[in-house]
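Next up, some structures in structure tokens.
In the two complexes below, chain A is the common chain; its partner is chain B in one and chain C in the other.
Showing the complex of A and B:
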């Protein structure tokens, strides 16, 4: 059954992929007036078994290693390529589906087909059976990769859990005064929300507001915690620390107001935009703070547009 | 415009990340919260900040890359994180004013 499925997928890919996606574009060509004796070097150096013959940008034939061997047997090494090449050549258009190429390989038994553009009939590439195999394998690999990524997403989790109320809780611990680790909690939350399949806009708003709060913990406190609760309707993020607290909450909410020390400002923080940013990016923000005790920040982002994937 | 072309034309030194990506617009600021508030996805960000948090900001905003000006080199932790998160960091000897001017001439504008 599995085998059947693979065959179908490959067949599907042969319709999906175009000749131009798998062909070799770096095409070696020879001129019609080249003596057959020189053909050896071209074929040997490039490790190829056939080469298109081009005259004034126009494809006029194809000459293969078999033609070369025949000349060798009949001692006609001085003959010109144009007299020994195949003139009535079969070609493929670059925009044809791969399945046409496969059918032509089966029908004619050739080792290669020159590929021309439909518009001006000029040579744009060459395709061999091995190009087809490589192209399909490459495509299969990327299809497989996408599938893996999709499976890794946990967006079905709310559908799979049977309960009257469901919420997920993620907790992150933030070290104080350590700017080397600042941003790890919000980056972690961002990746987690992505796996839950939330919309990019929601994820961005949640991650940015969490980042600003995280920076506040790092810049002003000795450490704190970030806890995110996610249910099918909203993301609630609670950020707490154990001090020193904000003396004037109203002032702290004004854009541009900052109490950041010099070393924090040098790092590009402390612009007085942290809390205003959080307010801007969330649907609800509640800030409670007691000097010397700590700060409790609660933010809510609504998931009105949350669509559960099936 | 592709980041690859910018790197080539402005002779930027690439120290991390994959530079084959499209740029939406540019933003320049050394205040991280300002970048968070005003930069947008796929922006190229010009700054003189070199510490590890620029990577976090670029990551959160899904910026296309960071150009460090005045010949400044990223800190070791910054470089490591940028590699890990695949954020392109590009270096130039030019000042912010100069590099922004050149980018603008190339057709990279601000967010509109």
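Showing the complex of A and C:
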């Protein structure tokens, strides 16, 4: 399971990372008129196995240690680089995702690819398989570091604060009748709970039930508030509005019962599932409503599996 | 089922840019009623819908649904795509009908979200 996760993360990184982020920019180059005999010093001194050939800033070929060995065997050390180099070269663009580079390495079996800029086709770097591995490891390290730091910042808060009782309060204001903004409060709360290091299942249950409640505020009222209180044992979310209130609370809780107007139904809600859904995903739900005064919905999700990490 | 296979089966186009074709999707669900998705959708699944508004993305986001595919050639507007990108939801579009999209995926072995509920 963990192994699968890592593989996926690395695959993700190969899409996120660009060739230019991992390539080597300090590129050794040689001119086309250089005799092959001088190539030895370049390859040996720099401990590289191939070098791009550049003429007037333009990439014209690539010459490798294999070319050098062939010349050595055939005693052609005085030949010019331009006669022995590979001319029909495969290159990568600096802004391509790393996965393209990996595919090209697999396809052609070369040891390196010159990297050129998409704009002016000039040589900007060179990439080898070891650059790719180094680049991915470096990125993984920084991803891991960020994750660690975020987890530390958030999930230790209950341990770091000294008090007999600690709770965190997050408040969100919800506009009535504005469907473009509906969902902002619950997706915001979801991100916040994630930062606190709660388990994905708990976060999902809290996010779905808050979202349903938020949709209700937007669909039926002129606005309201969502307040979440989090302590080491539970999440309590209180959703309030200032009316019009629910005339028959019992009926409103029945699956399928809805008083939603057409425009709410067109948006994919109002099927009489909101309150039953909230009930399904929470450990406790209390609904109080007074016509013309407003509705007060309180939900609790227990954090029995919430472990504060040491 | 790998996301790349789903894309092929649905003859779909991706609107959210680069995505990982190796992503494993096990479960599919389909509805134009977002409350149904909230009730029965499963984390990591694909949602097929012909409803195109911003709440589809919010529904996917709070339910941990990875991929939304808009069917019947419906093209979501820019706000929807931007919100999806912001929340790491992958958006596909296909010209196939809801029925055919679901049918093709089910025939190729993608499980239904209710399958797991019945199993419990």
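Following the convention adopted for this analysis, the second predicted complex is superposed on the first by the 157 of 310 C-alpha atoms of A that agree within 3 Å, B and C clash if a C-alpha of one lies under 4 Å from a C-alpha of the other, contacts with A are read in each partner's own complex, and residues count from 1 in each chain.
The rule we apply is simple: contacts are C-beta pairs under 8 Å (C-beta built on N, C-alpha and C of every residue); 3 or more make two chains touch, one makes a residue touch a chain.
In this text the structure is predicted, and so the values were computed from the model without any measurement.
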item	value
Combined model on chain A: chain C and chain B, fit or clash	clash
Per-residue contact with chain A, leading partner among chain C and chain B	C
First (chain B), second (chain C), both or neither touched by A:207	both
Contacts of A:97 with chain B and chain C, given as first, second, both or neither	second
Touched partner set for A:262, first chain B, second chain C, both or neither	neither
Which of chain B and chain C A:12 touches, first, second, both or neither	second
First, second, both or neither for A:109, with chain B first and chain C second	neither
Common interface residues of chain A - those touching chain B in one complex and chain C in the other	179-180, 182-183, 186-187, 190, 204, 207-208, 211-212, 215, 267-269, 271, 273-274, 276-277, 280
Chain B - residues contacting chain A, complex	30-34, 36-37, 47, 49, 51-57, 59-62, 77, 85
Footprint of chain B on chain A - complex, ascending	179-180, 182-184, 186-187, 190, 204, 207-208, 211-212, 215, 267-269, 271, 273-274, 276-277, 280
Chain C - residues contacting chain A, complex	18-20, 22-23, 32-36, 38-39, 43, 49, 51, 53-56, 58-59, 61-64, 79, 87
Chain C partner contacts - residues on chain A that touch it in the complex	8, 11-12, 15-16, 97, 179-180, 182-183, 186-187, 190, 200, 204, 207-208, 210-212, 215, 267-269, 271, 273-274, 276-277, 280
